[in-house]
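Structures for review follow.
Shared between the two complexes below is chain A, which pairs with chain B and chain C, respectively.
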Partner chain A sequence: MSEQMVDITDVLRRKAREVANDAVVKSPQFSLFQGTQALEINNKRLDSGIIELSVEEEEFDVLCKRSLQEVLATSDAIFRNVFIWLQNSSLSVTVFSCRYVEELLVIYNKDANKGISSCRFGAVENVSMDPELLLVHKVLRSVVLGALHLVRLCLTLGQSGVVYEEEDINTQTMNLNVITMVESNDILKELNDSVDFLKSKYADSKDSEILQLILKTLVQLINLPQFIALKVPKLTDCSTPPQSPAMVSSLAALVDSLVTHVDYLNSLPQIPGCFSMGIQKRLDNRLPSRDLIPLKSEDYSSLKVLVDDLQRIWAISNRLTSQDVVNHALNFANTHHHVISRAIYALFLVRDDATVFGVEKVSDFLNEEMLRFSCWDSEYINTSNEIVKQKVAELTHQISSVALEWLSVMNQNPCRQRQHFSRLITVFDTLEYNSENFERNLKEVFQVNEEFEYNGELVLALPITSWVCYVKMDIMLHVVLRGFELELYQTWEFHQMYWYVNYLVDNILLILDRVIEYNRSKIYKIQQMKNQLKKKKGDQKLRYKEKMMKRQAQIPSLQLFVDTLNKKIVQYKIIQGLAVLQSIQLQKYIKSGILKTPDFPFVQNEEILYKLRMKPFASVGVPSLPPYSHYQFHLKNSLKQPHTPQDINHVKSSILSNIKIITDGIQSKDVTVSMHICSQDWLHWFRQLQRSCIGIGLQLQKPITATQRVVIDSKGFHRYFPVVNSE
Partner chain B sequence: MESLEAVDFIGSELKITLNDGRILQGVLLALDSKPNLLINNCSETSIQRGHTNCRDLGLVSVPNDTIQSVEMKGEELDKAVKWKPAQ
Partner chain C sequence: MTEVTYHTLEAGNDEELHALKTMISDDLSEPYSIYVYHFFLSQWPELCNIAKLNGETIGVIICKIEPHRDVRSRGYIGMLAVKKEHRGHGIAKKLVRISIEKMIKAGCDEIMLETEVVNKPAIALYEHMGFIRSKRLYRYYLNQHDAFRLILPITSKSTVRSVYLQHSDQLAT
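After this line comes the complex of A and B, so read on.
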């Protein structure tokens, strides 16, 4: 561009003066909103080109020899910076801010095709003659390679779509290729060679020992992709649970050792200029200038979290049923995890070949779920009509793709979980409509009569539709309750949302009751076969007896499923009880006038606010969204007839006794509760519900005055049921 | 060149020399009456420790008071001037 350039400074300034003062002349394709992302020249906060560097930073020498302690301090800082980066920082202020990392990446990027041979800090002669040069060009280099490989692995996980780029993980690499052309095995060899070197040259040194720990930990982390490929067969009653994979147990031991040295590592001085903002000034950078993150913000605790998460994920190897998978997934969704564990969990749970844990098809998993809920020993399963079987298989195939989506929500962050669940509501609603039509059609066209007596009349059992409807309502409940966790609702909206929770749980309990009755009717029918047997004679009797024996073998399973559903009812009653208790407390505040819809100028009609808040549920057919007038009617009635202390005590004691039933079940590994995997997390979950019950109960006893205001206290209480205090 | 208006420079590739010696090159997306410039696909060339350093900055806003000079390819300018009367 240098030749034939024309200076247009004056003409541009002159012509610009003709533009109106408040006008902007712009390209038609460009929106000014995009302009807000521009980096402003000479603005200290935005222009990385004016970052001022110290002499040490400017003159830092990556080629010179370093002591073992200096190499340890730098290696530790690089390694810790990987985990600081994974806590939502950018690479430029963490791993890439190390001069050794920058230098190696810049040289590598000039000739990436040469692989590991282009991964160096520069040209140095006679490296092999000097141990302190080897510490830099062999040991520190291998740490940089290991850390960058780990970064590359995390970037790959970030880009695989299982977590969100720039939301869960920052993937801006300053246009640097993060050693993608270097083989893992080459890096593992470098790391292992460095361990051998330290063992032979610095055998009795504490610094050497810690440095070896870092190198060995990197080796195990680089092997993480192997974890994703592990197949986890379902446990049978007589098989023993498989041991934790070697890489996870080794990693756990290494991290435990590393954590014990954190204080010592924090006391080591860093080489001046080794970590610098300089890379932001020197390389491609579309981000504003940012200060480096202090190293002490990471003390290997997030690495410990990652290891604990891997062990939690592996705990699924103890699963006996599909219900264990569902509860394990729900527990994963409900607990906090390292971003890498979340990515690994998604890939570990549903594999590329659409299998669950690499061993069973999603459709098989779904079939088991439906069988355990309502379909066991149903006519659809027992029928000999091949067309019906084929049609049922087609429907379950359709449902399994949605079930797959449900499973893939579980590793997302809580905001995304709610967003995906909201979307799934309409998907499941459509599925329910299709499924019901299908099941009614089966009766009319194929005479497959799946009926039972419920509330004194003969009704269609609709086992598949019942499952779909139940899952849909459970998702709806999650969406409402997650809103409390994510602080989406204003305090003055709490009452209507808990009222809706109550309404949803009522509907869930209805469907569970119906399915239980259906399952019981199947048990009853089998038991009645004995009476029929008495009427049979000869060969017919023998054949009937054989058939009866086969059917009788189904009774224990059916009874188990009834018991499981009853435990589900207990769990929903806990949620319902707490929603009721919370509503009673909120009604007190509403009655005393300290909780009301604020007088915002934009609030013209409270019904509009109600409809907006309930929008995710508005299109659902069953249960339909109650109109605002229903809510108003309920609220007015509740205010007129306040609950007596006896009523409140009854609700409280019912919640607490239901919690006890479930926690006892968890502790005794009751299969009908099915929370034996990650049982401590589940116990914590129910204990927090218990705390909320007690907290709200205590609050209910406090007198309220009209001059008070309401304050949310969520610390220590269950995330769905914070205590609304008055002060 | 006098026949041109501010809008005719939009979309042109400019070379901007800043008061601190840095050189920016990129495509002009927008300007106001000062003129402050908004440059896309911007690359920055500077001299650091005696070496020329070139890097990509993306979308950059250049305040008028930081600009020493603005240059444009002669060929591109000729085209803009020729095109103008034909409108």
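After this line comes the complex of A and C, so read on.
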């Protein structure tokens, strides 16, 4: 017996005699919950040791020669399996299920320090003498190396913390080292050598041509980390946008070409036994037994999605302002992406050195955002008091870390986005509280008076707090609306949620109006300097004139920000209009009795359901969550006073004309709309809103009978505003 | 016709345990090991309820109760299965009702479960009891389907973020 083994037979027998019937035996250090993660021997669904393999699988020979077509079919299958894996499958049922991959990994893992020289399928003599042996031990080997390098790269991205392991990407490697000690340059050389070999030995063959496409695509994918490191300076008005990086355009061309061969590739027979569940049986498998995923489930379309995503990400090189970054990020969050693009986007957007796109600090990005919103030409910025400047910088630093969290939500999957946003509500609420105390303190302690006249009263401007409060409410709105997208609400909840949307937008509009007035007051103050100038004399007049001219130079920017905020108002009014229109429709259903809160057997009262649904918003100071009685009061009143067709037409036409304002702005690249980047996505977004408006409008014209039931129709409509039909 | 009877799993009844394991394995997409059953059954045997017809186990529900972040008591429905040929007769509904009643009696502030987004009958069953969808969980199951997390609020503790319940507990002490 080995020195490391201990015979426990006697102990086991003795202990077993002491065990009572039906008792669970466990160490006190071990909880039964830990046991739930365990696999079970002899359980068909869990024990991969009892997988039965065919003769072809058992006797598969990785050393023998193969034809060009066989090598192409296998290379294609390996490559496609990388993308099947990235659709949240495990490596054991995808890439690793290929016998060539398994064999190479097993040999490599025995002596990983030797690097690429230990990456082989086994020992074969006189390989260089036989082209069909070379096809296996040179070409196919390089495909395996390229695919594994790509896997390793994706694993690194998956483990970088920007996407969720096991949820977004399955990172279990069966305890195998995925060629981490092999230099990428060595692999690139192998891939390029294989291309040269195919060109020289199989020059006029279609199979060779497709195989070369696969090899070249792998080369470009291996270069992906270079993309993440690209610095993207902000454009100025006169600079020309940089071209798409060569690697992205080459990749796009290769993938377009590869996609045209999918039907042919699908027609190629696979070598029997080449892909097998055997690895689950032979190696360290911590997952339940699972069947292999059919190859046809991936037709390179997800590779195409990845390439399109890279182009979309690169589109940010057209940015002029921080608002462009925000809208680009929001658009990224709103659209579907490959998991690798989601990881790349996060790392591309905020770099390890805490810069945005490798060129500006997150705090500078945040400063620009706040300046463009409310802080431009404010006393905090213009003050010569160094202590105030220092204190403002400290607060901005605090806000920067939260802004960073906001940015890091954008690459998450849709479910996680809502969860992160929900958590950020309390973070921003606390920040707002701190910020308001800080700004009030500035007035009381440092006499920095940031006041303006609003609704006939002199009020504190609170520019920083206004921004924080605005972002918080916008996040709250996202959380509510994404609930519709994720189908979290039952139809009987729709009315109260659209009512809450309306309430939130009311509050957002209030703060935007206040900030616009504040910005206008700054313009007015500058314009009034002319009158003061007239009263000045001599040197004083000269100095004042200089100061006035400096301040006057701020007016165009201030006006631009006012216009930008007005465009935001238009966008919020679209959302509010649709919420109102939807509410009118739902009220009709409620009134006719076909939509009501069911009588639930275990629910104390409807209020507890309202409170549970509104839990993410309950702790917010401003705007406070209206009590359930307010909602009931609103509903009761709305049912009493039905809307006239004229009211409905007015709501509809306002929505449609507001949508037109924004879509015109997108098409004309209006800087106050700031949606010129990924403009097609934005146009689609607003056209979907338009469809919802028309769809709900049409539904409103239909008569309702008490025997009908309500059904949700989401297809073709905006994800936040599905049409509630009656049938 | 013989009545369906409902009772808790009999301790040490291997036949019943085997029957419910088979039923769950046939019905649910997730594979569960014997250790998962032991986790539930040895700690909350009273919350494993089975439905029988003529001595045959035709339905099962397995639940647990645990504190959630030390601020509220959370009941959890882990597994529910009814044999295909006996569906549509209210057996699942009855099993859920029995469990909920027991969990309420045991002082739960809320009852929670996850179910596949595509499992419309299960979602409808729970929603008729008053469960609401609190979260959507991305690719939650091994078969890559998303899940809904459903919650049935029993007391007002269920409606407050746990971090604030922790604060109020700290203030009270």
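Criterion: the second predicted complex is superposed on the first by the 684 of 727 C-alpha atoms of A that agree within 3 Å, B and C clash if a C-alpha of one lies under 4 Å from a C-alpha of the other, contacts with A are read in each partner's own complex, and residues count from 1 in each chain.
Assume a residue touches a chain if its C-beta (ideal position, glycine included) is under 8 Å from a C-beta of that chain, and two chains touch if they have at least 3 such contacts.
Quick caveat: nothing in here was measured; it's all calculated off a predicted structure.
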Partner chain(s) touched by A:27 [first = chain B, second = chain C, both, neither]: first
First, second, both or neither for A:553, with chain B first and chain C second: neither
First, second, both or neither for A:19, with chain B first and chain C second: first
Which of chain B and chain C A:11 touches, first, second, both or neither: first
Which superposed partner A:510 touches (first chain B, second chain C, both, neither): neither
Chain B versus chain C as contact partner of A:426, first or second or both or neither: second
Which of chain B and chain C A:488 touches, first, second, both or neither: second
Contacts of A:50 with chain B and chain C, given as first, second, both or neither: first
Contacts of A:393 with chain B and chain C, given as first, second, both or neither: neither
Touching both chain C and chain B, counted on chain A across the two superposed complexes: 21, 24, 32, 35, 38-40
Chain C residues within the chain A interface of the complex: 11-12, 25, 31, 33-36, 38-39, 42-43, 97, 100, 104, 117, 127-130, 132-140, 142, 144, 146, 148, 151-154, 156, 158-161, 163-164
Residue ranges of chain A in contact with chain C within the complex: 21-22, 24, 32-33, 35-36, 38-40, 43, 45-46, 87-89, 164, 167-168, 288, 290, 413-416, 418-419, 426, 486-490, 493, 598, 600-604, 608-609, 611-613, 615-616, 618-619
Chain B contact footprint on chain A (complex, rising order): 1, 4-9, 11-13, 15-21, 23-27, 30, 32, 34-35, 37-42, 49-50, 58, 175, 281-286
Partner chain A, residues of chain B touching it in the complex: 1-2, 4-7, 9-11, 13-15, 18, 20, 22, 24-25, 29-35, 38, 40, 44, 46, 48-49, 53, 55-64, 66-75, 77
